[in-house]
Structures are given as C-alpha cells and as structure tokens.
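By letter and in written order, the chains are A, B, C, D, E and F; residue numbering begins at 1 in each of them.
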Amino acid sequence: MTHAPTPTGLDAVVDALLASYDRDSGDTPLCNPLPSRESIAEFFERVRRLLFPGFYVDVDLPAAGRRYHVGTWVCELHGTLSRLLRLAFAHEGPDRDPEEVRTQARAVSFAFVQGIAPLRDALLQDARAALEGDPAARSIEEIILTYPGFQSIMAHRVAHALFKAGVPFVPRAIAEHSHERTGIDIHPGAEIGARFFIDHGTGVVIGETSSIGDNVKIYQGVTLGALSVHRRLAGSKRHPTLEDDVVVYAGATVLGGETVIGRGAVVGGNAFITHSVAPGARVVGGSPSEERR
Amino acid sequence: MTHAPTPTGLDAVVDALLASYDRDSGDTPLCNPLPSRESIAEFFERVRRLLFPGFYVDVDLPAAGRRYHVGTWVCELHGTLSRLLRLAFAHEGPDRDPEEVRTQARAVSFAFVQGIAPLRDALLQDARAALEGDPAARSIEEIILTYPGFQSIMAHRVAHALFKAGVPFVPRAIAEHSHERTGIDIHPGAEIGARFFIDHGTGVVIGETSSIGDNVKIYQGVTLGALSVHRRLAGSKRHPTLEDDVVVYAGATVLGGETVIGRGAVVGGNAFITHSVAPGARVVGGSPSEERR
Amino acid sequence: MTHAPTPTGLDAVVDALLASYDRDSGDTPLCNPLPSRESIAEFFERVRRLLFPGFYVDVDLPAAGRRYHVGTWVCELHGTLSRLLRLAFAHEGPDRDPEEVRTQARAVSFAFVQGIAPLRDALLQDARAALEGDPAARSIEEIILTYPGFQSIMAHRVAHALFKAGVPFVPRAIAEHSHERTGIDIHPGAEIGARFFIDHGTGVVIGETSSIGDNVKIYQGVTLGALSVHRRLAGSKRHPTLEDDVVVYAGATVLGGETVIGRGAVVGGNAFITHSVAPGARVVGGSPSEERR
Amino acid sequence: MTHAPTPTGLDAVVDALLASYDRDSGDTPLCNPLPSRESIAEFFERVRRLLFPGFYVDVDLPAAGRRYHVGTWVCELHGTLSRLLRLAFAHEGPDRDPEEVRTQARAVSFAFVQGIAPLRDALLQDARAALEGDPAARSIEEIILTYPGFQSIMAHRVAHALFKAGVPFVPRAIAEHSHERTGIDIHPGAEIGARFFIDHGTGVVIGETSSIGDNVKIYQGVTLGALSVHRRLAGSKRHPTLEDDVVVYAGATVLGGETVIGRGAVVGGNAFITHSVAPGARVVGGSPSEERR
Amino acid sequence: MTHAPTPTGLDAVVDALLASYDRDSGDTPLCNPLPSRESIAEFFERVRRLLFPGFYVDVDLPAAGRRYHVGTWVCELHGTLSRLLRLAFAHEGPDRDPEEVRTQARAVSFAFVQGIAPLRDALLQDARAALEGDPAARSIEEIILTYPGFQSIMAHRVAHALFKAGVPFVPRAIAEHSHERTGIDIHPGAEIGARFFIDHGTGVVIGETSSIGDNVKIYQGVTLGALSVHRRLAGSKRHPTLEDDVVVYAGATVLGGETVIGRGAVVGGNAFITHSVAPGARVVGGSPSEERR
Amino acid sequence: MTHAPTPTGLDAVVDALLASYDRDSGDTPLCNPLPSRESIAEFFERVRRLLFPGFYVDVDLPAAGRRYHVGTWVCELHGTLSRLLRLAFAHEGPDRDPEEVRTQARAVSFAFVQGIAPLRDALLQDARAALEGDPAARSIEEIILTYPGFQSIMAHRVAHALFKAGVPFVPRAIAEHSHERTGIDIHPGAEIGARFFIDHGTGVVIGETSSIGDNVKIYQGVTLGALSVHRRLAGSKRHPTLEDDVVVYAGATVLGGETVIGRGAVVGGNAFITHSVAPGARVVGGSPSEERR
C-alpha cells in the first residue's frame, strides 16, 4: 500500500485504467458513446412534463401563451430523443452510414412525438382504472401525482413504443429507470392492454414475452415469469398470457409461455401457477382464497 | 409515419396535446396547479436538513451563529410548506375563498413547524429502538445516516402529521417519495406508536387503517393488508392492529381490519394470518418457527 | 395552535430545536460532522464515471487528451474520498489525533484508487456472467448500462473494499445508496466471489456474514439471512455459505451461519432452507422444481 | 475590537443592522420591495435574446419549431417585465390599489412586447449606420455582436420606451446596466432619432433633455450636458439639441438647453461649445479641425 | 504549425506550461493560493446584500423571521471574509505562523462585520447628498439602485476599511471590481469624508494619498493625480487635498500632494490645476466658467 | 395599446418578429449561427484560468496531480476554441466546405494552444513592467490579480494572435469583452511590443493600425487615433507609431498614420499631437509639462 499519492503513483493508476479501457475495446465501451443514463433520465422527465404539466416538475404555463410553451416542449423532446436514438442506432455496428442513422433517428423520434397525445389518453384510462380499483384513491390527480403503479405503466408505454420501433438500449434503460423508482420491473417487450392497474407494486416482475389483456389488476410481489432460462429460448414465448379482466393478488407467481389465465379469472395471494387457468376461475395460494391489499 | 418534423407536423402534435389537455378539464389537471412532486421533494429535504443537520446534505453550521442558521431554515421550511398547502387546499374546489385558503395554509404550516422539535425527539427514540434491535448496527448515527427503515418512519411521521391536519395530496406524495427510495410503502393514514423499527424493509406494505403499538419490529416483505378491496369499504377499518412489542418476521402477511396481533406476539417468516393472535403467542409460517435477518 | 408565525413563535421553535440538538450531544450528531449522504453519493458517482466513462453521466473524452481527463478524475476521486474518510475516521472518537486521521484517510483513499483498475476488470467479469445467464441480455454494454443486479454488485465491491479497510459509516451508506436504487440489500461485509449475477433483484437481502463462491446466480426476492437476531451473536457467522456455481431461484430463503449450499446445487423458487444442501443437489420449494424468470 | 465572533457579538451586529434598516423606514427600502438589479438585468437579457437570437447567449432554434421558441420567449419576456413593473408601480405610494397596479403593469408590459419587432427594425437601421460610419467594421453581424455603441443604443431604446410609459426606477436601472458595460451614459429621457452611431464610446454622457436628430454620429468622451445643475431646473430643457446629420468628435463638450447644433454641422475633437452652431458649420476645438478615431 | 492535437503535441504544451509555472516560483503564483477575483466578488456581493437587502439581488425577507435571515447573512459574510483574509495574510511571507494568520484573519473580519451598520448609515448620508446634488434624481431608492457614483463610494468605503486594517491584495481587488463596473478608479488608500457625491463618473481617477473633506462633489473625467510617478515617492503624499464643500466639474485635473483646493472652492470643467486654490474661489478651465452635467 | 395579452395578440407579436428575422435574411443573422458573446466569454475565462491558475477563479490544483488538471484544461480550451472557430469560419460564406472549415478550425485552435506558454511568459514581462512603472504597486501578484491595464494587454495578446490567424468576429469580440471591463479599447489589429503598461486606463483608445514598440507606458484617456474616418482608408495605416520607451500621459491624443513618436519621447497630459515627435523629445499639452497619475 502506497501511503500517499505521488505523481508516479498516480501515473500507475492512470496507466492501469487506460489499459483496462483498451483491453475490452472489442466491446467498444469507450470508442462509440452510448446514450448515458443521465440523458435517458432527462428524456423521460421531458416526456412526463409534456404528458402531465405541473404534476412532476413546477411549470409556469400562462393561459394566453400555453400553445407556445407546449410547442417548445415538443421541440425539445424531439431534439433530446433524436440525439439519444442517433447514439443508440450508431452503436449497432461500425458499418452503419452516419447519415442513414441520423435519418432513422429523426424519423423514429418524430413518430414517437406524434404518438404522445394518444399515449396521454391511454394513460388517463389507466389512471381511471386505478381510481376505480383502489378504495383509498381520492381523485385522478392523486393517482397521476403519487401512484407508483401509474408511474410504472407510464414508463412502460413509453419504453414499449421505442422497443417496437427497434431501438436498442434505450427502452431497457427507461424500464430500469422506472424499476429503480417503483420497484416494479416490466420488460419493455411485454404487451399490456388498456386500463392496467398495479397496486403498491414493489417486487412485481413482468417478463419480456408476457401478454396482458384489458382491465387487468396486479398487486405487489407478483411474478409473471419463465419456467426456464435456457439461452436457446431467447425469442420464443416464455412468459404467460393474462386475458381481459384478470386479477392477480399479492405475491402470486405465474410461470410459462403456454400458461394462460382465462378471462376474468382471479389468482389468489401467494398462489404458484404453472398451468393454464380457466376463464372466470378462482385459484387460491397455499392459504385461503383471500384478497388483500 | 412522417419522416421528419415539419412546421405542419409539429402543429398537429401540439393541437392534439392541447385538445387532450382540454378534454379532461373536468378533472382540471391544467387549470389549477397542484403542488408538484419536485416541490414536495424539496419540502421533505428541508425537513430532513432541520431534523438532522449534516447527515443528509452538507451544511456549514458555525458554532456562534447556529441559532441564525437554524432560524433561517425554520423560516424557509415554513415558507415552502405554506406554498405547498395553499396549492393543495385550493385544489379542493373552485368555491374556496383564496384568502381563507391562504390563512388555513399558513396555520397548518406553522403548526407543523411547531411540532418539529417533538418530532425529532420521537425519531431519536425510533433510532434507539433500531440500535437495540439490530446486532449489525454500530451507532445511532449510523442508523440516522443509512437505515432505510429509519428513513421510512421519518417520512411517515411527517406525512401522518399533515394527513391528520386534513391536507390533501401532499401526505400521500411524501409517502410515495419515501416508498420510491426505501421500497417500504406506508399509507400516511396508518397509526404507528413509539420506537418503531423496520429492518431491510423492501416490499413492506402497511395499509391505511393499520394500527401499530409501541416497540413493534417488522422485517422485509411484510404486508399489513385488507381482506377485500371493495370500494364500499373505504373509510372503514380494513387493516390489522398490532399491539405493543409485536414482532413480524420477513415475508409474513397479516390481513383484515378485525385481526389483532396481541401484545408481545411473534409472527414467523412467511406466515399468512387472517385471524387474531393471542398476546405472547408465536405463529409460524409454512415452515419452522425461525427468525431470520 | 398558533395561527401564524410571530417572531416570538419562531423563537420558541428555534429554542426547542437547539435544545433537542444539545440533548443528544452525548451522541454528538452536531459537534463532529459525519460524511453526509450527499457527499457519499457524489463519491459513488465519481467511481462510476471512472469505471465506465459515458455510461452513467455524459462525458466528453477527446481521444488525444483522454489520459489527462482520466488522471483528473482519479485526482478528484482521491480528493473526495480522502475528505469523506477524514470525517469518518475522526468520528471514531475525540481522542484521535487529527494529523494521524488525515494520514490514515489519505492512505486508505489512495489504496482504494490503486485498486480501481482491478475492480473494473472484476466488474467486467460480472457483466459477462450476466450476459451468459440471461437470454434477454443482448450485449455487455446493455448490462453495464441498465441491469440493477450489475449496479448492485458494483456498489458492493466498492463498499466491501472500504469495509475491509476498517472504514466506519461509509461502506454501509454506499450499500444503502445502492439498495435505494435497486431494491437489493447487500451488507458491505458479505464475501462475494467472481462472476456474480443477480437477476431482477428487487427484495434480495444478503446478510453481513454471508459467504458466496464464484459463478453464483441469484434471483429476485432471495434472502440469505440469520436464524436469530440476538445481539450476542454480533461478530459470529450468522448467515449462510453458497459454494461455487450455486443457483438460487426467486423468493427462496436460506438461513443460518452453518448452512452450506454445496457446489453446483440449485435452490428452487420460494424454497425455505435452514439446513445444508449437498453439492449438485436440487431443492424445491413448496411447489414444483421450476425455474422462473 | 472583539477578537472573534461570539453569539453576543453577533447579536449586537444584527441588532445594529435591524435598527439601521428601521431607522430609514420613512424611505421604506425594506418594506416595499423594489425590482432588484439582478431582475432588471435578467429582463434585459431576455430582450437581447429575442431581438438577436444567438448573438449574445447560445440558443438552439430548430427551423421547424422556431415559432414556438420565439413565442415562448415572448411570453417569458412579458412575464418578467410584468413582475418588474408591478414592483416598480407599487413603490410609487402606499395608496395605490394592488389590482390597479397589476393591470397597469400588464398593460405597459404588453405594449412594450408589441413594440419589440419595430424596435428590432430600428436597431438594424442603427447597425447599418455603424457599418457605413466605421471603416474598420466588416459586417452588420460584427456590429450587433461586438460594438459597444450598438449595445448602448439598444439599451437606450428599451429604457426610453419604458421612460415614456411613465415607469419609475426601471428605465434608469437599464441605462446604468448599459453604462456599466459600455462606459456610455445616456439618460433614458433623451430623445434620439434614427440611425444613431456612437464609436468607441467610453466616457460619453448624454443628458436627460438632450434631443438628437437622425443620422447623428458621436465619438468617445463626448458630453451633451447642462450649464447648471440647480435643482429648480428639474423638468426644464437643460441639455442641447443636435439636428440631423451632425457629427461630434471625441472629447467635445456641448452644453445648455438652448444650444442647437444645426443640421450637418461638425463639432471637432475636444471642442467646448456653449452656444448654438449654424447648420453645416465646422467648429474646431483648441486644436486643428481634425477628425480622429 | 501542428495541424491537429496529438497526445505528443498536447504533452509538449503541458510541459511548457508547467515549466513556465515553475520558472516564476520565486514569485510563487502557484504555490500559495491568493484570494481569487471570483471569491472577492462574492464577498462584495454579500456585503451589498446585507447593506441594502433587495436592491441588488432578489431576497425573500419574511417579516417575522428577518432577524434570522440577517443573522445568517452576517455569519456567511464573516465566513467568506475570514477565508479571504487568511489567504491574503498567509501570502505575506512563508515565515508566518498559520495559527496566528488564522487568528488575525478572524479578528479583522469580525471587526469589519461590526462596522457594517455604521457603514450603512454613512452610505445613506452619501445617498442623501446625491439626491440633493442631482436635479434628475427622484428618490433615495433610485440612487441606491442605480447611481454608479453611489456604487463607487460603497466599494471604496468597504475597501478603505480593509486597507486601514493592513489587508494586502483584497482592498485593491475590491476597488478594481468597482472600477470595472463604474469606470471610477478610487485607490483604496484615499481618505474621503462624509456625503461624497460623484455624478456620471466614467473616467474619474482618485489617487492613493488624496484627501477629501465632507460634502464634496465630483463629475465625470476628473483626475486627482500626482505630478510625478518616481518610485522613490512611494509612501509620500503625492495627491491633492480637497477641503469641505468643494465642487470639481467634469474633465478637470488636479495634481500634486501639496495642492489644496480650499473650502467651498469650485474647479471648472476641463480646468488643469497644479497649485493650491483659495477657499471659496472659482477656477475656470480653458473655457468659460460653466457648470455642466 | 392592448391591455392584456391574448392568444391573438401574442400571435401578432410573434408573426412580426419572425417577419423581421426573415427580412434581413440577406444578412443571415439567424440561419448560420455565430459564436455568441456568452461562448466567447467562456473561452476567455478558460484562457485566464490556464495562464494564471487561482488568480481569477478558484481552482483546486493538487501538487501530485497538477499535470493532469493542466492537461485537462488544455484539452477543454482547445475544444472550446475549435467550436468557436468552426462557427466563425463557417460564417465567412455559404460556399465553404464543412470538412475544410473543421480542419482549419482545429489547426488554428491547436496553434493557439501551442502558443499559450510563450504568451504566459510575455504577460509576466508586462506585469514586471507594471511593477516597475507604478510606485503604488506592491507585487507582481497584485498586478496580475487587480490591474485593469494588465487585463487589457492579456486580452489584446489573445485577440491579436487570433486576428493574425485570420479569424473573423472572435478577436473583436474578445477585445470588446475586455473593453467592457477595463474601459480600455484596443483594436485586435494593433501591433504592441514587449513590456507594455497602461495605468488606470479608462478611456484609452488604440486604433487598428497603431504600432507600438517595447517598454511603452500609457495613461488613462489616451487616444491613438486616425485623422479621418473615410471608408476608402480601410486597410491603409491610419494610426500612429510609438517607438520603444515612449511615455504618453493622461488625456493625450496622438493622431495619424504617418505620425511617429520617436524612441524615448514623452507626450504630456492632454497634449494634442498630429505630427511626428523627435526621439527623446518632451511634448507638453495646453498646460505645463507635468506628469500625473
């Protein structure tokens, strides 16, 4: 152990780091910059500001001029997202033409921006479902302002739109940004229908090939997972299907790509399910058929 | 898909958003500003700075002048909270008189500020309970600095004070601010006694009408929940009661408004409880009566 | 309740707070400043920037001058850490000589800095293990950028290095900084081998005296805990040992300092283990021997 | 001299300051807040950004969305100016009705905003005059970017518009903001025609009741002053008149409210003028009829 | 000329700079840090905020808590000044004992802070003199907010107090900070009486050993200078004396340490004076005995 | 006058501004961004930090790592300057090839960076000349820290280097940045020898084609100007020549491109010179041959 840094001591540290950076240059972490976590978080903040102005960050929206402010936010969002996507697409390989990457980034970004008003309407439906599903909820504003499950579905619908557009890195990073805050881990690939509601939410895991219908309700600690993690399964449907109007109570586990929870079925707390459940059925866990919150 | 934004393309995006904003004007998310998440987080940071100066943010508190600094922090806290409360109360309805709202906001804010020294003393008791309850804990400072369970009870005691004062939105937002960081979800309505300790904590859920005595200890993944989520139950006691000196080990679930865990009882890990437990009893889960941490 | 703050009313609030600060002066929270959460978070951000430039915060690293930038980051990291350690060591007691504390802080800090290139290499091995272990993972960059399990082992390896150097407060604060973000709670004292992978991770708890071999994989909700939390056990081995190549599936609980999961064994989802498991064995939970993700 | 601050010593300092603040409460410097220098400077920066985007502060003006950005800047400018004017008008006396003050502030502010495009066109004419008048000037952009005389006339035209609208404090503060930067001191009351050019400019003083025609050129160190500073002259015309096409060379002094420099006259460097000069005349200083730059 | 930076090219630049830094180590610019311009400007801003709250920077001074805010500002000012003075005194020589330097810095700083209320009262007298002396002035607030002559005497009274306390570097830096903004150059050594007023001010120079009585008025471009700049004169009285009630009009020059402008005398614009002037006399320049503004 | 902004009223304002922007599109102020004043000021701050670390902004330069910090500053300076130059060169015309502009910008920037150590040595010579020339100066550090004449020659040597490299806009903007602060107006084209000293300086003007030898001293208010400002003279030598060891006292004016002040000559205060002066001569103004400061 050297007792205090000397110029020589520092040089050795720096040399070792540079060597380490270069050693994995096959993986190119340093040569080709990725969109950073910081910039992805900034993008998501811009989305939230545009979707629900005044709920997450303070805004000053004068009545007469709100059109200009909203337009400016749209431009800024498009600018931020285009930059992110350019970095993300460029990282796909050294043979990509920069001009083509730029065009693709702008096109995907503008398509996203064009989808933002419909996205807002879908999210308001999610918020209304939460208001109906939680006796403690007092207003739709409270849900938009405070519910982690609402934050989670907001992040998912944003990430999923980019996932479907074939964007690398960014969708997953948005999902993890939300996972960090809510404790809810939804893979950006999961298909989720309208009016989705997760209550409490900490510990929820929803796998990549899950498929969820409309009006589904899920509580904390629920896993929609795979029966196996063999690499050869990548790409196949490994996670369950939940049809419309399903409810899954806290701590339940539903596994397998061929497992279907039929329309209107209820999965009890802590239940462990690896086979399909008939529509309208009620499956209990290792304990009485309670519902809890 | 439009391939690049044009003035016309942008106008369509902005028009659609403005239409979406106006469509839910019955819900008034845009007309009447709410206290934002950002400003609520700022309020909570000011509370933490005043309660335990130097633990969470760097402060420079000169010995001779500390009275002035602390006084300034008190003023700033009162100013921030008055503003938040004005927005929150004003949101209760269009018929509220602005001057009355202002007076109410100032009164509730100053009452909160007057309670801050007693709150600090209560929190020091919570910290001492944690020091006694965790063999890995080394000092009271370590608990104040690092324990998520301590952060959680701090946020709860703040949120609960505002909840009891009838403040809308803000208590729940403080609770969720803490839930995001600790993974511990305590409804601001829950009644919690002195010297409360949650260890590890991720996944804990404590419902709105829970009632918890003194010297209670809870581990990660514990749910104090309801047996049913029917909307007609809103307002009734739906969550359990834990009397003094109760311990609930990791992963246990206790449900129901009439369920009472008697004084000094111990609920084992992963236990699933829907009926009352006698004082001093020891309830095991689906597995041996272990304690774990 | 006073209805609005008066100079006298404010004075009473300030007096009460100052009295509360002084009352616990035996605990010295105010006299001797601790390293704050804010400054510890800043330190960790500097570590992450140096380990994987461009992944977490935007950096501008010109090819020709990168040696200077990296050297500056090393200096800044050493400066930040020395300051933190000085505060932390000084807090150990009033009898410590300030000059000796300063020397110790500089020495431990520089030793940490000297270990940063090897630390990076160890983390790249962890990232490669994640790439192999998760069919959904697409590249090593994606893991470094987004996986919470990777963030968690990064924080742990940093905290553990300082823990072994006898640093008070700081290792635990780093661990909690990571716990807040990932929902994964690893005590800085835990010994963890090479190529460690936690998937999803929310709710994982790994106790202080756990001992984990190489190539181990763990899923969300797993607890490696103690059978008892009696204070007299502080210092003894209270948490289990996992040998090389062990896999523990979601929600499983492994308890006890004498419990050893033998090389290559698999612990099924939701299993509850309080006794040792033979090498290569497969232990199921209260349910079929499934694997899930 | 006290050798180090004690609580008592600090209290004495604070008491003395509060007493000093209260002593001049007839002047109300503390009771009724003025617009601060900081906020007036911010207003002027917003004006400059709107007049010549990209010249003074970096802006990002995407082609497709520039309408939104410019609209937002207009709103922000109007908001900033309304706030300033409210403070300024409210300071005129305790008997002013707050609602009336607010209405007046908004009206004057919006009238200013409506004048901003014509103001820009007038300033472009000033810039063109500078381009024609200075052999060293290379382009109109260079003048807008760098010439202090141009900065000065920009500030004057802004300050003069508010002066004519009867705004207290703010016009003079804008004039001094510019005086600080350029060394050119133009009273906001001065009437200045089109295509005005000051070269170099340091030390120029133009008094309140000066009247300047079109196409006038002035060099550094020129004073347009009064013959006497008796208080009873306040309100009368005390400063000279310069008709169209006049040139005044460096260091010249022109004094008196009845002094008229006739159309096209030239005042030589260091000349000292207290009587009118005929149109087309050429007046030398204490030295040959040189022109200099 | 190298066409693009290479690592080698950069190394050469850095080597040359380090060599240059080391070459003048006799002058120690790098070894022993000076108080920077940035930190001296910050100190002066803190003084201005305390002297006239709300005039220069926006402040929020709640009525009930203003005592705490002002006390905090006093503490911050004392902290900032102590740090500056420690650096300044330490720079006087390598043989100074650090502890003694620290004590001296604290003592001088606190003495300054104790003088701040009297300083404020003196400045209000200066402002009243300006109000009386300028027909264009409308209120004392306008003078405090906007007059450069007032800014200049404020900076001078601050710098002079530190100059008399034997502080190196800092007084001159404050004087230049003000000179940059106002164009008025007053050496911190100059002795200036009560109710001093400089109008317009650009180009005024007042030398180190000038001595100025009460109620003196000076206009722009006035020099109070020395007849010779021989180094052997350092320390002797080289600049003139102005007795009470003197007025010096714009552009006048008064030179020499033995030159005395007697009580109530008036020096005309552009006058050039190198000999004493009798009390009550009126001295004209190269032009009529005008007064101008 | 519209009394309050309406959406329609705002639209009219925005339309008028956009029309104004477009009207002068021949001058392209909006299409092709210029380097802004803000970014040019940032560049100059980076230069000052590198030339005299710790004098202008606070820096933390650890002994062992100073090489890295200085190297990083060099890289940052090069990056900032390259960006500025790219914008400046691109503005020269629409026919310039972007890649060529980029190459030119990098080359000129790196050549500037390579000249920074020699520039520092030249400035130390200027500072030593000031120390010798001013009896009030106490140390070379005081001059570097506070003297406006030193700031001015520093800015000039930077601007002149870029001027000689053919850079448009930026040299003049640097000169004006300095002119704003010091009141000293030196055209970037002026040729100035070694050991140059300007004392006080407010009001000094030095024209584009001035030529100044070594060891020259100039006081406040001095003009080195042209006899005529006819546009056809652009490019010719219009400003005077000062040979080595010349002194020009305050307020003197020297005009004309053929005017040569011979080696060692002294020009008295307020002198007005339009013809050459013999070496060693002493020229008085309209007043005795005094020297003043």
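Methods note: a residue touches a chain if its C-beta (ideal position, glycine included) is under 8 Å from a C-beta of that chain, and two chains touch if they have at least 3 such contacts.
Everything numeric here is computed off the predicted structure, so don't read it as measured data.
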item	value
Touching chain A and also chain D, the following chains	B, F
Type of chain B:chain E copy interface by residue overlap (half), same or different	same
Relative to chain F, chain with the most remote C-alpha centre	B
Centroid-based (C-alpha) most distant chain relative to chain A	E
Inter-centroid spacing, chain F versus chain C (mean Cα positions, whole Å)	54
Distance from the mean Cα position of chain C to that of chain A, given in whole angstrom	25
Centroid spacing, where centroids are CA-atom means, of chain B and chain F in whole angstrom	59
For chain B, residues contacting two or more additional chains	5, 9-10, 14, 64-65, 67-68, 70-71, 74-75, 78, 183, 202-203, 221, 286
Pairwise touch network: line, ring, star, complete, or other	other
Which pairs of chains touch, using the document's own definition	A-B, A-C, A-D, A-F, B-C, B-D, B-E, C-E, C-F, D-E, D-F, E-F
Residues of chain F defined as touching chain A within the complex	4-7, 9-10, 14, 64-65, 67-68
Residues of chain B that touch chain E when the two form their complex	60, 62, 64-65, 67-72, 74-75, 78-79
Chain C-touching residues of chain B, taken from the complex the two chains share	50, 52-59, 61, 66-67, 70-71, 74-75, 78, 103, 106-107, 110-111, 113-114, 116-118, 120-121, 124, 132-136, 138-142, 144-148, 181-183, 200, 202-203, 220-221, 250-251, 269-270, 285-288, 290-293
For the chain F and chain D complex, residues of the former touching the latter	1-5, 9-14, 16-21, 23-24, 27-30, 33-34, 36-39, 91, 168-169, 172-173, 175-176, 179-180, 183, 185, 187, 202-203, 205, 207-208, 221, 223, 225-234, 238, 253, 255, 272, 274, 286
